[in-house]
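Letters A, B, C and D mark the chains as written, and numbering starts fresh at 1 in each.
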Amino acid sequence: MIGGRAEKHREVGVTTEATGPLTVETLDDYYRRLCNWGRWGPGDERGALNHVTPDKTRRAAALVRRGAVFSLQLPLDAHGPQTGAFGRVNPVHQMVATGTDHAAGGQGYGLGWGYADDSLFLFLQCGTQWDALAHIFRDQQMYNGYPAAEVTSRGAGRNGIEHFATVATRGVLLDVPRALGRDHLDPGEAIGPALLDRVCAHEGVTVEQGDIVLVRTGDMARRRGLPGWDGYSAGPAPGLSLHSAPWLAARDATGVASDTWGIEVRPNELPGAFQPLHLVLLVSMGLLLGEIWYLDELAADCAADGVYEFLLVAPALVIPGAVGSPVNPQAIK
Amino acid sequence: MIGGRAEKHREVGVTTEATGPLTVETLDDYYRRLCNWGRWGPGDERGALNHVTPDKTRRAAALVRRGAVFSLQLPLDAHGPQTGAFGRVNPVHQMVATGTDHAAGGQGYGLGWGYADDSLFLFLQCGTQWDALAHIFRDQQMYNGYPAAEVTSRGAGRNGIEHFATVATRGVLLDVPRALGRDHLDPGEAIGPALLDRVCAHEGVTVEQGDIVLVRTGDMARRRGLPGWDGYSAGPAPGLSLHSAPWLAARDATGVASDTWGIEVRPNELPGAFQPLHLVLLVSMGLLLGEIWYLDELAADCAADGVYEFLLVAPALVIPGAVGSPVNPQAIK
Amino acid sequence: MIGGRAEKHREVGVTTEATGPLTVETLDDYYRRLCNWGRWGPGDERGALNHVTPDKTRRAAALVRRGAVFSLQLPLDAHGPQTGAFGRVNPVHQMVATGTDHAAGGQGYGLGWGYADDSLFLFLQCGTQWDALAHIFRDQQMYNGYPAAEVTSRGAGRNGIEHFATVATRGVLLDVPRALGRDHLDPGEAIGPALLDRVCAHEGVTVEQGDIVLVRTGDMARRRGLPGWDGYSAGPAPGLSLHSAPWLAARDATGVASDTWGIEVRPNELPGAFQPLHLVLLVSMGLLLGEIWYLDELAADCAADGVYEFLLVAPALVIPGAVGSPVNPQAIK
Amino acid sequence: MIGGRAEKHREVGVTTEATGPLTVETLDDYYRRLCNWGRWGPGDERGALNHVTPDKTRRAAALVRRGAVFSLQLPLDAHGPQTGAFGRVNPVHQMVATGTDHAAGGQGYGLGWGYADDSLFLFLQCGTQWDALAHIFRDQQMYNGYPAAEVTSRGAGRNGIEHFATVATRGVLLDVPRALGRDHLDPGEAIGPALLDRVCAHEGVTVEQGDIVLVRTGDMARRRGLPGWDGYSAGPAPGLSLHSAPWLAARDATGVASDTWGIEVRPNELPGAFQPLHLVLLVSMGLLLGEIWYLDELAADCAADGVYEFLLVAPALVIPGAVGSPVNPQAIK
């Protein structure tokens, strides 16, 4: 029974089932066993996005019943979570022409015509974003076995974000804290298969082939208002356990996105490792990974109407050779 | 009769119905008569996007029959059309970490882990984009009567692009050259009401309240391969006549996008004026204007199956205070 | 007597002579009385740089006795003092081509040839810098009476930094804490005429027409190693008193630079005011103001050899229409 | 005899002495024979700047006789020579706050206080610049034998531009076309040892240890006003012959700068090679190479007074790890 299980979780202080200490062998086992290299041909650069067939998209569109649309993008501005980790800063938005220029009479067009214009300098993964399949490497290789060295200062020769130019499929929100009767998970809390099953059961949804799974931890809601976002960027966080990999693989999910900085639990379960789950999900399996997604408004709606599935339209910007992209995902119910 | 009319157009070398010379009075008449200021309240900042109700979105989603998805974004890279007009340059994509760094052993993570990261510097209207309602002014005012001076170097205090955070409605492609049996329109050719009617009739579609109308001229397809894009940016172009304004107003369209740099015909019909149609459509009517859209692949599909309507999901990036945004519109049939 | 006065300063915990509370009248008096508008003609855009005649430069060059050269620029990198005030971030340096690309074999030139290349995105006043005379306004005017509205989004139509394209004159270091036997001044400590006189006397120097005065407070040395630079940027700081204005004017100094964020003491002496001294020195008098200068190495040398004057070569970058510029000042003794 | 030789040059239509076709052997001979690796120790990163001793600087300062100062920097703006080669674009200067904002009343400071602020995005070698010793590689090595792979996406771990933080030495202008009685050299014209000797003789100067040699070709003056600068950037150009390397080495010059895009003649003398002289001068010898220098105003002055030597103060910006830097060189006579 779900209620009893939740109490047990609370008793041991974590929301995941107990896992023994993780070893490199576990990582390597998942890395090899769940591998999708070659599954869609030797020249594939779309990875698990291949699960999204026209039929899948058609069925996802049929989920639209009310016509309610939710933007899942955090505002892309100077108030974002970046504090310098990996050299990333928050985006810099600048005006090139302004209404004050126009008002001062300096634009010089006839008929009262005036304009404003602007620019943006951004790290492509500074806010709500997709990782490209060229974002992460292991042992000098990337997804589908391409050499990492094909990603040079000129951009990604393979697996660039332009391969995610169309993304329209079924989205499923897994609101983990809500299923546990909590406001949010805490840094270090891992989300493993049993908890994923439990949330699915609580919401009455199943994850299917081609789905993009949105895992809400409540981490963004809790930290967004705090100074420096309380170490949200690159710091400890709740998130997916390494053991979520076979769970996602068994369902042939196309992608997973979360309201955290890096999807996976941190500190990572494998001592001394940095983001080992990325190696399995992105490098080996070719999944779409979305980070820093704003899920709170959608979550409130799902809690209200009990419907946790929807059409998710979330294409990357078509930036050839880029290894990430901002995205304004649209969840349409 | 449409066929006869078309031949007449070809005879006179233009595809539009003849119009008398335009005067400021015509502009001012449209500007005043078609005005939507106050229509959605004194504090409105969404303009004609208000036509897109949940019911409209629901019905648009129901247009998805095959599950085919088309990206309408031109690649956002150094091969874009910008050549310096208005200070705009093509986007600059730069790597912050590379696979060659990883291959050279310099990243220093364990478990064979490596990564790439990148940044982008872009003028927000350098490629496929939406204009915000704060993009254009007339006589020190912008849409809904807000002072232009609210758009300062800190961004747009009103009518910023963040108000287009969700855009999911019916799209209709009007493939003008195809309806005329031509490859493309030429610079200076204006598209007025009669021609719009003719293309609708040819395609068997009507434009309805809340629709976004995609006007294909063939201009991008013709010029994209040429040096400097043959003056595509800020140069002469085919496009909408000033007389398209009442046509769009009568139908309560939400927006219009085109494969040209600036939607409207250039040289403009009103001697000495620069983009007068923007004053009517954007400042007065509050329409969403999309420019530099890539419509060719979608157009080929529409010609093949004869279906020119679809679900169009095209949100701006949520950049608070921005006056434009890149967009990767998804047309889903 | 100077020595006695200093002890009195230490007793009351400040290093400046006591001043009564400042009023707007004092500011306005200085602003009007010290005004250089028109002094070098109605079209002048060089301000007090006009004091630097060829003869002045020639005599400054004659100060070079040992051939020792000191760079007074703080490294222009991500470790700088910016934390977001005025939207400024530290500079972002990015590589466009790398040695790892070359090593990976991806550059494709013959003869073993390879290269690296890079870019920089910077706020022009993020580090060691000069203010242009177009940087500060009062009552919609700037230096020499030009309208502030000539500084639009397209840059400064008047008083741009390009007018400081050549700067070679006598520099004088006033090492305030050293003259007081202290390590540094503290935030809120104001440097007024008596203290300036005392430091000059202690060092055996006089400030002359055309000089650039380098005022060392020790503020950078103290805060540079601390988290967030301990609020160095835009925070409380030691610095010049408003009463330093007539002192500098009496000597016809060309400029003043300091190791603080903003030259003048903060909190400012005039309650509720922000940087009132900038109004007098820059707007009214047309002085060159340099901020965030790295003076410690030079100061150590001056203390060692007792020579506090030198040739100072410190041109701005020639960025037409800019209102500030990074600078790598060279003090040559 | 030099005069006779010059006439012979004019007869055959080139200004250089005839050279046989260049081979890789010549390049390799110079590359090995003129090598300075280890000359200043195994950890040296300053290269030929080591020739500039305090005594050298002192004597250079003594060259200042009139106090005339010349800026040798081309304006750093959108009118620069970049047209996309190597991904480089002209710098983008943007305002962050403006006088029009202030005039519109939007800045909100008391006492009539207002300000302007700005930013710059630039490729560090887009205009008048210095190459760092980390800019060019050969066979996976850079100056002094460091591995090229130490230049990663994080910047140059060795040989960065910060090692040129102080540059104050004797400069010598070699005005080649003036010595030949011409306006400018043409693309493809090589400047070899005999021509260098001839110009020195014509001007009555000798190049000495620690000097920076400014080679004027007239190329900038001729092309600057033409559309796209007539292919100035990365195109054919007059410039130094590969045979200038032993000439510069024999004199222990510290650096060489020119008014061309790349110092060396192009098309290069060695068929199929790209910038082979850079391999010898920069990688092997460790010279400072300056490009796109504005020499015309200085040249006019030198022609007028017959003095071609001066104090040259030309430090790089202190950008740690950068492989190039803009510079505003000051020639002081």
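Miscellaneous remarks
Criterion: contacts are C-beta pairs under 8 Å (C-beta built on N, C-alpha and C of every residue); 3 or more make two chains touch, one makes a residue touch a chain.
Small disclaimer: the values here were computed from a predicted structure and weren't measured.
Interface matching across A-D, B-C or A-B places the copy of C-D, with more than half of contact pairs shared by residue number, at A-B. Interface residue usage between subunit B and subunit C, two copies of one sequence, is largely shared: over half of the residue numbers at the contact are used by both copies. Between the Cα centres of subunit B and subunit C there is a gap of 48 Å.
Centre to centre, using the average C-alpha position, subunit B and subunit D are separated by 46 Å. Touching two or more other chains at once are residues 87, 92, 94-98, 100-101, 103-104, 106, 119, 121, 149, 152-154 of subunit D.
With chains as nodes and touching pairs as edges, the resulting graph is complete, every pair of chains being joined. Listing the residues of subunit D that touch subunit A in their complex gives 87, 92, 94-96, 98, 100-101, 103-104, 106, 119, 121, 153-154.
Those residues of subunit A whose C-beta lies close enough to touch subunit B in the complex are 24, 27, 53-59, 61-62, 64-71, 73-77, 86-88, 91, 93-100, 102-103, 109-125, 134-140, 142, 147-156, 162, 165-168, 270, 272-276, 278-279, 311, 313, 315-324, 326, 328, 330, 332.
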